[in-house]
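In the part that follows, the structures are each spelled out as structure tokens.
Okay, so chain A shows up in both of these, paired with chain B first and chain C after.
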Partner chain A sequence: MKGNLGEKLQSLPKPILYLILILATSIPLFFPTEVPNEPVESTKDFYATLMALPEGSKVLLMSDWTGSTRGESKGAFRSIFKILIRRKAKVAIYSAADPQAPRVAQDAINELNMERKRKNLPTFDRWNDWVNIGYFPNAEAAINGIANDLKGAFGGRKDFPPNSPPRDVFQSPVLQGVTKVEDFPLMLVITASKTSNFAVERVSGRTPLAFAVTGVMVPETQVFYQSKQIVGYCGGLKGVYDLEQLMESGVNFPDKATAKIKSDKLGTIEGFPDPDNKGQGTRYYPTLHYALALMIIMIILGNVGMFLAKRGDKS
Partner chain B sequence: MIPLLQAQAPATSFWSEAFNSSELWTKLIITLIVGLVVMVGLLYAPIRARKPIVAFFTFISGAYWVLLYLWPKPIDRQPGEMPLNTVETVSFWLADSNNVVVSFTQILTGFLLGLGIFSLLKIHLTKISKGHKDAFFSIVLLASMGLMIWFGYADWFDRLGERGAMLDNRDNWGFTQYGRDFLFEGLLQQMDAAMFSVIAFYILSAAYRAFRVRSVEATILLSAALLVLLSLMGAVSFVWDENVKAIANGNPFILNFQLTEVAQWIRNTFQTSSIRGIQFGVGLGALAMGLRLWLSLEKPGSGS
Partner chain C sequence: MRITAGVIATIGLYSVLWKENKFYRFFEHVFLGLAAGWTMVALWTETLKANWWDKMVGTPAETGAAATNGMFAYALLIPFGLMGYFVFSKKHNWISRIPIGIILGLWSGQQVQVWWNTYGPQIDATLKPILPTTWDSLIVPSTNGLTPEQLSQVQSQIYFSQAVNNFLFTLTVVSVLSYFLFSFEVKSKAVKGINTMGRYLLMIGFGAIFGSTVMMRFTLLIDRMHFIWIEWLRDGVFPMISGR
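== the complex of A and B ==
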């Protein structure tokens, strides 16, 4: 590296940059720390919506995430299911963005069930508590069908009841009595792609919509949240961490004066303290901190280098 | 009074017949024959005639969605209700046929997966047969694809029996399930995550090299970006906000300078309005392009 200090600061070799990033993002994983945090309004609303579900509610879930965004999406998926299990909800899952998505969702629930089994907690059973309706290759046509004729759109799809060959999903306790999208008191979308837009276009106003999206999707999702087309959303890793903290502390709970997380807009929403609430969000959030801090430092360093180089040129 | 005027229709419509009924089989066979005739007809149609045929079907397909959106929808339609007039007849027909059209769209999109597999096989089998220098990678790719398909279907067939639901429990797994899990969860999902995480390196490198304060606009952009980045760091925003609250001592104006408030203001004021503007433009563009495609005004490859 030749040149003055300014030029050197502007042209750090890529391998060094990459090495610093690897260290900055890996080291926090070995030293778990709880970062102070104030959940954002959108996640508080998201949590409030889930906690307001009457016990036994039927929820339609579009699960459109795979391994590529599991750092964020899997954490959101697990937290959402922990809340839904607590609310004794029944969940109908379908996917429309990626053929891998149904299996990924299924594996994530099985993983959650294995953990619950180890702790002697009741499992969230396929067919009785959730059904996997499967993959629809055309996302827009699928949501169109669901909005116009849910029975027809899911008709002929089969899932696995215990000790029986596959049967029509409408025979499961999850979809019994469901004939139209309005029969679901909530539609959840966990996505890393544009499929959330289709849900807004076709289902908004028919039944409440809530999203769990990746960090890069937060700006476009904020538009729908601001216009009240969706009731709340959990955005990126910060959203997952917010959700885990909300599960632990609730909102204005036990009362507004002593609550850890407060809201002027919402009433008292209870939390359910459990060491198990701290999941992927708590584990990965410090890593995000270091990565963002590193990015800010590198941007400042590059600019300082530019000024030094300019001053050197003038002198 | 209106319900009294309505006659009761049969439970099935033109688009649906009872399972395994002779009517259903008749319609299936007629559809198959018509489909084959149309396909053969298209294959032998003169090249000049193909364009209007494609234009006709494109228009009909597009017209269905336009009508579905614009035509008055049946309100509180009861099962077996008969239409009272032409408007209702069309609206009932559109509603009843929606599911068939949606299913047709799903099947058509599903064929794209088949087309992808065909294309992949064609390219890589040619490479292997010609002994291309990268033939080894083609072999690995096709072997991986074959293994994944085999284990995927084997797992699926295992699940079709009465033990289907039991196979969600790892304790009941056999060779097929372990094989499927190793390939799908152990390899594919991990590689997927690894590929995506590579973006972090490019983002850091690009931010370091490109994010420079060279003009007033760049300075504003950089300041807004830094504020939003800092607001995503809970530890920083927490300490900042607590200090602002202490300084403000209840003063609502000073409370506006909390980092979370500033970041929220940037998001709600500038970001969302910009995105709305962009989406509005994209929507108008899509509408214009959609119209051109629907009316077959778009000439592929001609640049018009």
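== the complex of A and C ==
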């Protein structure tokens, strides 16, 4: 690396930068810390919506994430399911973005069930508590079909009852009595792709929508939230961290004066303290700060380098 | 074993950061092969079989469900679908335009409703009051200990701070829209000023989007690092070595 300091700063070898980044995103994982946090309004509304579901409600869930966004989406998926299990909801899951998504969702629920088994808690059973309706190619057409003719769209789809060959999903307790999308008091979309937009285009106004989206989708999803097209959303890792804190502390709970998380808009929403509430959000969020700090330092160094190099050229 | 295979694949794919190498290429091909194979099987088992084959040939009676008759009209979809493959023929590629045209026609017909569903509520939400309706307080007062009636009274007012926010919001919308006035030459200095402001506000917006993107990418890396160091090494390998 020849040249003055400015040029050197601008031409740090990429492998060294990657190594520093890997260290910055690895070392903090071994030293868990707490980051002060105030959940954003959108996540509070998201949590409030889930907690307001009457016990036994039927929820339609479009699960459109896979291993590529596991860092964000899996944390959201797990937190949402912990709440849905607590509300004794019955969940119909389908995917429209990726053929791998139904299997990924199924694995995540199995993982939750294994944890519940270890704690001697009742499991969230396939067929009785949730059904996997499967993958639908062409997300836009699929969501249009579900919005206008749910029976036709899900007709012929099968899932596995316990110890039994596959049967029509409409025979499961989850979809009994359901004939149209309005029969679900809530549609959830956990997505890393454009399928959330399709849900707004085709389903908004028919049943309340709530999203869990990746960080990159937050700006576009905020628009839907501000115009009240969706009732709430959980955005990126910050959203997952917010959700985990809300599960732990509730909102205005036990009362507004002593509550950890307050809201003028919402009433009292109880939390359910449990060490297991602290999941992926709590584990990754502090590390994200180290990574962001590193990036800010690198940007400053790069700019200082450019400034010094320009000054060197002039002199 | 499963987690160890995942760790080796992760390291293989990240090895491209050092330089292009055969280790990386191998795992890239494994990944693409698995994804393509999975997609083909899923398309049959989860889509074509349920939505087309079973409806065409019918299904036998099963627990709780009567047998269904086949509808052989579904077979007509085969030549129709195959017409799409003529896109690869130089001589007959016009045939592929027939199914594409029908799909486009169906799609276009729905767009009026889709557009209104998407943007109607957003246009409505953009129309915000920019004048305060009360001067009792400059900011929204605390609602601690208020009765529901008092709360709804507070919420029905526009306070000065809200009016300022709404004004900034409206100014942003107008200035950004003015940036896209390409139909005629902008000569007025005032409009040019608003136009420039729109450009800067757009850049701030793009910066926020870029920031979110970076955060997402970092989170994905953190997840992979957690997978390697915590799930595999700390919780998998170390206990196995130490016999715990």
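One rule holds in what follows: the second predicted complex is superposed on the first by the 314 of 315 C-alpha atoms of A that agree within 3 Å, B and C clash if a C-alpha of one lies under 4 Å from a C-alpha of the other, contacts with A are read in each partner's own complex, and residues count from 1 in each chain.
Here is the rule we use: contacts are C-beta pairs under 8 Å (C-beta built on N, C-alpha and C of every residue); 3 or more make two chains touch, one makes a residue touch a chain.
Fair warning: this is a prediction, and the values are worked out from it, not measured in the lab.
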item: Combined model on chain A where chain B meets chain C, clash or fit; value: clash
item: Chain B versus chain C as contact partner of A:168, first or second or both or neither; value: second
item: Contacts of A:157 with chain B and chain C, given as first, second, both or neither; value: second
item: Which of chain B and chain C A:299 touches, first, second, both or neither; value: first
item: Partner chain(s) touched by A:69 [first = chain B, second = chain C, both, neither]; value: both
item: Partner chain in contact with A:30 - chain B first, chain C second, else both or neither; value: second
item: Partner chain in contact with A:219 - chain B first, chain C second, else both or neither; value: both
item: Contacts of A:87 with chain B and chain C, given as first, second, both or neither; value: neither
item: Partner chain(s) touched by A:284 [first = chain B, second = chain C, both, neither]; value: second
item: Which of chain B and chain C A:38 touches, first, second, both or neither; value: first
item: Stretch of chain B penetrating chain C in the combined three-chain arrangement, among 55-63, 73-81 or 91-99; value: 55-63
item: Chain A residues contacted in one complex by chain B, in the other by chain C; value: 14, 18, 21, 25, 68-71, 99-100, 136-137, 144, 164-165, 219, 223, 226, 238, 288, 291-292, 295
item: Touch list for chain B against partner chain A, complex; value: 68, 95, 98-99, 101-103, 105-106, 108-110, 112-113, 159-166, 168-170, 184-185, 188-193, 195-197, 200-201, 203-205, 207-209, 211-214, 222, 226, 229-230, 232-235, 237-239, 241, 260, 264, 267-268, 271-272, 275-276, 279
item: Contact set on chain C toward chain A in their complex; value: 17-18, 35, 38-39, 42-43, 46-47, 50-51, 54-55, 59, 62-65, 107, 110, 114, 117-118, 121-122, 124-126, 140, 142-144, 205, 208-209, 212-216, 218-226, 228-230, 234
item: Of chain A, residues touching chain B in the complex; value: 10, 12, 14, 17-18, 21, 25, 35-38, 40-41, 66-71, 99-100, 103-104, 106-107, 110, 113-114, 126-127, 136-138, 141-142, 144-145, 148-149, 152-153, 155, 160-166, 219-220, 222-223, 226, 238, 241, 285, 288-289, 291-296, 298-299, 301-303, 306
item: Contacting residues of chain A [partner chain C, same complex]; value: 14-15, 18, 21-22, 25-26, 29-30, 68-72, 74, 99-100, 102, 134-137, 140, 144, 156-158, 164-165, 167-168, 171, 197, 200-202, 204-205, 214-219, 223, 226-229, 236-238, 256-257, 264, 280, 283-284, 287-288, 291-292, 295
